[in-house]
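The next block holds one structure in the form of structure tokens; read it before the comments.
Which chain is which? They are A, B, C and D, in the order written, and residues in each are numbered from 1.
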Amino acid sequence: MAGSIEQRKSEHIQITLNEKVTGDAITTGFESYTFIHNALPEIDFAEISTETEFLGHACRTPFLISSMTGGTALAETINRNLAEAAEERGWALALGSTRALLDSDGHPPSFLMRKYAPSVPIIANIGAVQFNYGYGTEECRRIVELTEADMLVLHLNSIQEVIQDGGDTNFRALLGKIEMLCAGLGVPVGVKEVGWGIDGETARQLTDAGIAFVDVAGAGGTSWSQVEKFRSEDPVRRAAAEAFSEWGIPTADSVRMVRPEIGGRPLVASGGMRTGLDAAKALALGADFVGFGRSILKEATQSTEDVLESMAVREMELRMAMFGIGASNLRELMDTPRLVRKDF
Amino acid sequence: MAGSIEQRKSEHIQITLNEKVTGDAITTGFESYTFIHNALPEIDFAEISTETEFLGHACRTPFLISSMTGGTALAETINRNLAEAAEERGWALALGSTRALLDSDGHPPSFLMRKYAPSVPIIANIGAVQFNYGYGTEECRRIVELTEADMLVLHLNSIQEVIQDGGDTNFRALLGKIEMLCAGLGVPVGVKEVGWGIDGETARQLTDAGIAFVDVAGAGGTSWSQVEKFRSEDPVRRAAAEAFSEWGIPTADSVRMVRPEIGGRPLVASGGMRTGLDAAKALALGADFVGFGRSILKEATQSTEDVLESMAVREMELRMAMFGIGASNLRELMDTPRLVRKDF
Amino acid sequence: MAGSIEQRKSEHIQITLNEKVTGDAITTGFESYTFIHNALPEIDFAEISTETEFLGHACRTPFLISSMTGGTALAETINRNLAEAAEERGWALALGSTRALLDSDGHPPSFLMRKYAPSVPIIANIGAVQFNYGYGTEECRRIVELTEADMLVLHLNSIQEVIQDGGDTNFRALLGKIEMLCAGLGVPVGVKEVGWGIDGETARQLTDAGIAFVDVAGAGGTSWSQVEKFRSEDPVRRAAAEAFSEWGIPTADSVRMVRPEIGGRPLVASGGMRTGLDAAKALALGADFVGFGRSILKEATQSTEDVLESMAVREMELRMAMFGIGASNLRELMDTPRLVRKDF
Amino acid sequence: MAGSIEQRKSEHIQITLNEKVTGDAITTGFESYTFIHNALPEIDFAEISTETEFLGHACRTPFLISSMTGGTALAETINRNLAEAAEERGWALALGSTRALLDSDGHPPSFLMRKYAPSVPIIANIGAVQFNYGYGTEECRRIVELTEADMLVLHLNSIQEVIQDGGDTNFRALLGKIEMLCAGLGVPVGVKEVGWGIDGETARQLTDAGIAFVDVAGAGGTSWSQVEKFRSEDPVRRAAAEAFSEWGIPTADSVRMVRPEIGGRPLVASGGMRTGLDAAKALALGADFVGFGRSILKEATQSTEDVLESMAVREMELRMAMFGIGASNLRELMDTPRLVRKDF
């Protein structure tokens, strides 16, 4: 069982690195927005601050590495490179689905990243649907303890489970179970999608259930029907996956839908984020944090240095966008009236 | 005469399989709509039901095979493959124009599909314009009897008749004759186009005349001016056909126009339907049933198994779309507020 | 002098036949309109009538051949082919600029088309700007007499004159002179552009001045800055011409602008008209007649038969469009509510 | 120090001439506007006047050469070609950043253009940010004196300074220093961007500070993040520059934003201006003058004659646009109601 999860995880990495896994006829939506440049920013670039906090954890940037991997040898390298870099630049670190942790006999070292990232928030991850397949608060508590995570994020991935051979597709009555988990776990519980986004009503229901944050993981980046298409052995599901290449709520739309529904809880914009300029747009649209997934994966397979450079570029882009509109800190960026639709 | 119909039917199959017969600068319009994904569907994929009924006939899916062919040897193979598959998966089956049935001496076996599809609705087909060329209620009754059909659909194909060498182009005063047929035939009579769609006002008039259902057969798929262009020997009509490659009401628009005008009568969305995701959009826009024509023809020339797989893909896509928005049955899909225009 | 006009005319024909003379980033605008198909037209295709009249002349079609040429040997062939075909199918015939008629010693036979087209309206043509260069009512009267024309159309071609080496560019105070001509000539006087269109205000001023009809000759077809670009020997004007490739009022827009400003006077839609479907749209938008220029030129260099076939295609397309919306005559086409913008 | 400025200037010329330095997914916005052609202009092309004045200086055209270069040998050739041509055709001439003038020991002849352009307005140039790096009113006065300029324009180039290795990025509190300079310099002081545009609010603040004119230097032409990308040795800034290829306020939008905020002060439209038709649109949108940068640079490296021809083309295009709408002078062009958005 653990073996099959391991193989699946390896294939996911290979496919997302090497195949065309983005959707068709769908984008994040950020390309429709533009900042109105401020030619006279009246600030010093050197003094721009991107400091913020995430559920009580002080952070040097509003950036996090999206849940990706774990459970294999390559995953260990990837996660270590990500963890060391996250620690050095002050990014939050989300781990890939930590279900393998419990299913395996030993404790896969690929999930034990606290030693490389002692000071930044670490977020453990598990599929919400597992609550219909034998998992509960107890299992989540063990995952959090083993990973020394500060919080847990549940992923919602209905369409992926359908395409995946042998996927877990009973998504009945999960809301009540999420509510119980939030009440009982002891650390904050967030919810994320995996690339199809979250709408406003769902975000509100999850908030009422006690969720501490929402990561929209919207459409326009990695499309998990595309990824699973490459893995499936069933021609029917392979063909059907193709039609879903356009599915999902574009990340920018998802951010706008969710923002008014979750009160002051942190909103993470992710799904297809590529640059710090996209990130700046997301923050100005209502996000508090921005997550990067596949766009930082290749560097993670290479070295900590490669990850660090890629992180530095995104930070530079964010600071340049802030400079360009004269925002010296994130509050000013989030409150800016300078983000407009391109057809204004 | 029957010989010439036979040859025409063969050519139609060859041309639609091998030539570029879709229009230019026209689409079905479904690409402008998108579903707002529901990340927390709260349903079990395995329990999704696509059951429905069509004029009193219980159906396992809201899908039908559009009228295509009959009257030739190849047509017999095609229709048998379609009929066997329709029976196995519970699709409704519309036959191609059954006029050849009466014009020929024997009874072309290509139309006698009831033995292969004993339980699903079978729909016989004839051109409405034939009522101006010697056909009437009596002929229609014989067609229904011979084919053992549950109902009859009349096709309206004005532009095709003009391009076709020797086409029947007197479309005068058909409404009254349709009214008489509806009153006298004894089985339900529907109306369809062949790829240029039906507008709201026409649908209302037809409803007032007693029509039992409307199949819009809109634009965006097979363009019959394009098809006849390849057959015509008249350079004038060939050139004129080209200009009509953009003609017609896109299927999505036709569905929206017709829906409010026909009361509770079944509305079939067809014309350019390719996937179950398109189908789901059509159902959410107001259709009750969805018809597939040319997009299933190639499989039909091959084998029952190929048709079956193609059907399974469309059903899977429909169920995935329902899962993606949390609809566990067709009523919930039809009532969903989650279908929006992409520029929402 | 006449020699140089002759050469210019030859070059115009060669260039428009062989070079890329359409504008960039500009279209006629008809592609933005679509007819709502009427699946049940309730008319007989064979009984569709395209009869109309133009300033008292009964016409079998609402089509005219736009002013093109004259004054050279090739022009004589072209005009004869056009004239014979116009006579046979009942199209109106506009001659190219007849200025050469007066400037030359003999009477160029290329303008004397009445013998080939005894019964259809013939329209003589001269540039309005010539009234600032020595021409007046007397010269126009001679032109009409020599050509045995039924009316005269003045062309307005300001931008062309600028690009043309040695063009006549004093367009001062022409309105008053046009008014005098209209009062004194004795046959109806119309006005046309040459591919940049006429706006509503200008059309109203011309109507007040006594003009009998307006031919918009809008943008989207032949661009005369592009044509003259190939002829000019001045690098400055050649380069400047290029920038005007986007200039002009799209024909569809021009029709809509002019229609309400000229009372019941005939409105000719021309400029980039290619098919009878375009023509049908123009008529439904407010035009009374439709003119074809360059799109019929190649056939005119070949034979009367080629022109005839090309005419038959356009007539067939017009009748098909009428059939497709259930209009049995031009009045019903012009009054149809079935023409809509594509983004309706 | 002066040496490094020299090298930078050379590289700027080489890169802008030879590399792809325009942005992606951004245009000037002028392509969205079109003039409604006036077929009956009632004016004489020969009498069209483009005369105007700029801050009291009579000018034969509303055109200026944007600040480009100085300080190198090639710059001397370029500037001399530009200056001689500007004098001959009556264009205003803006010099490249004249900071090198003060930093170097000698007085670089490339800035001393008054002898070649005795009668047209000459505009000296320096980066506003230099007021935070040791420059003040005194230095500006020397620059104006040495260059014999009629006025000074300050450039605002925040994003460029960030990408540039060792750029000056403290843009704090510049407004007050600009205000002091305006009060104390004795010649008019303008402000310009370098390709990202100026918004309305910033323009109003600068006006309140005493600025005499605003040159928007908007986006859609040369992108200075693209230019500096080719020069930077830092992979982080090179990558970040790429993301800013879409940054900036399109020139047409910037003109519309700034116009209502600066009272009667002259507004220069620049940034991506290529033709006199673009210029005409800018003037009709609210500009008083139009500046050309990179689109005239290649000619400037060649000869005075090449510059002259390029100037003649733009003037011809402007006059043709005026002819096309019947405007005989710039006031009529600026007041025309004939400029509309293409989707009117």
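The definition used in the following text is that a contact is a pair of C-beta atoms (placed from the backbone, for glycine too) under 8 Å apart; a residue touches a chain by one contact, two chains touch by 3 or more.
These figures come from a predicted structure and were not determined experimentally.
K.L.:
I need the common contact partners of chain C and chain D, sorted by label.
P.N.:
none
K.L.:
When the Cα trace of chain A is superposed on that of chain D, what is the rotation angle, expressed as a multiple of 5 degrees?
P.N.:
Superposing chain A on chain D takes a rotation of 90 degrees, nearest 5.
K.L.:
Taking shared residue numbers divided by all residue numbers at the interface, is the value for chain B and chain C over half (same) or under half (different)?
P.N.:
different
K.L.:
Could you give the separation in Å between the centres of chain B and chain C, each centre being the mean of its C-alpha atoms?
P.N.:
Each chain reduced to its C-alpha mean, chain B and chain C end up 44 Å apart.
K.L.:
How far is the middle of chain B from the middle of chain D, if each middle is the mean of its Cα atoms, in Å?
P.N.:
62
K.L.:
Along chain D, where are the residues that touch chain A in the complex?
P.N.:
Contacts found on chain D: 25, 128, 156, 158-159, 161-162, 169-175, 191, 193, 196-199, 202, 205-206, 219, 235-237, 239-240, 243-244, 246-249, 253.
K.L.:
Applying the document's contact rule, which stretches of chain B touch chain A when the two form their complex?
P.N.:
31, 34-46, 275-277, 309, 312-313, 316-317, 320, 323-324, 344
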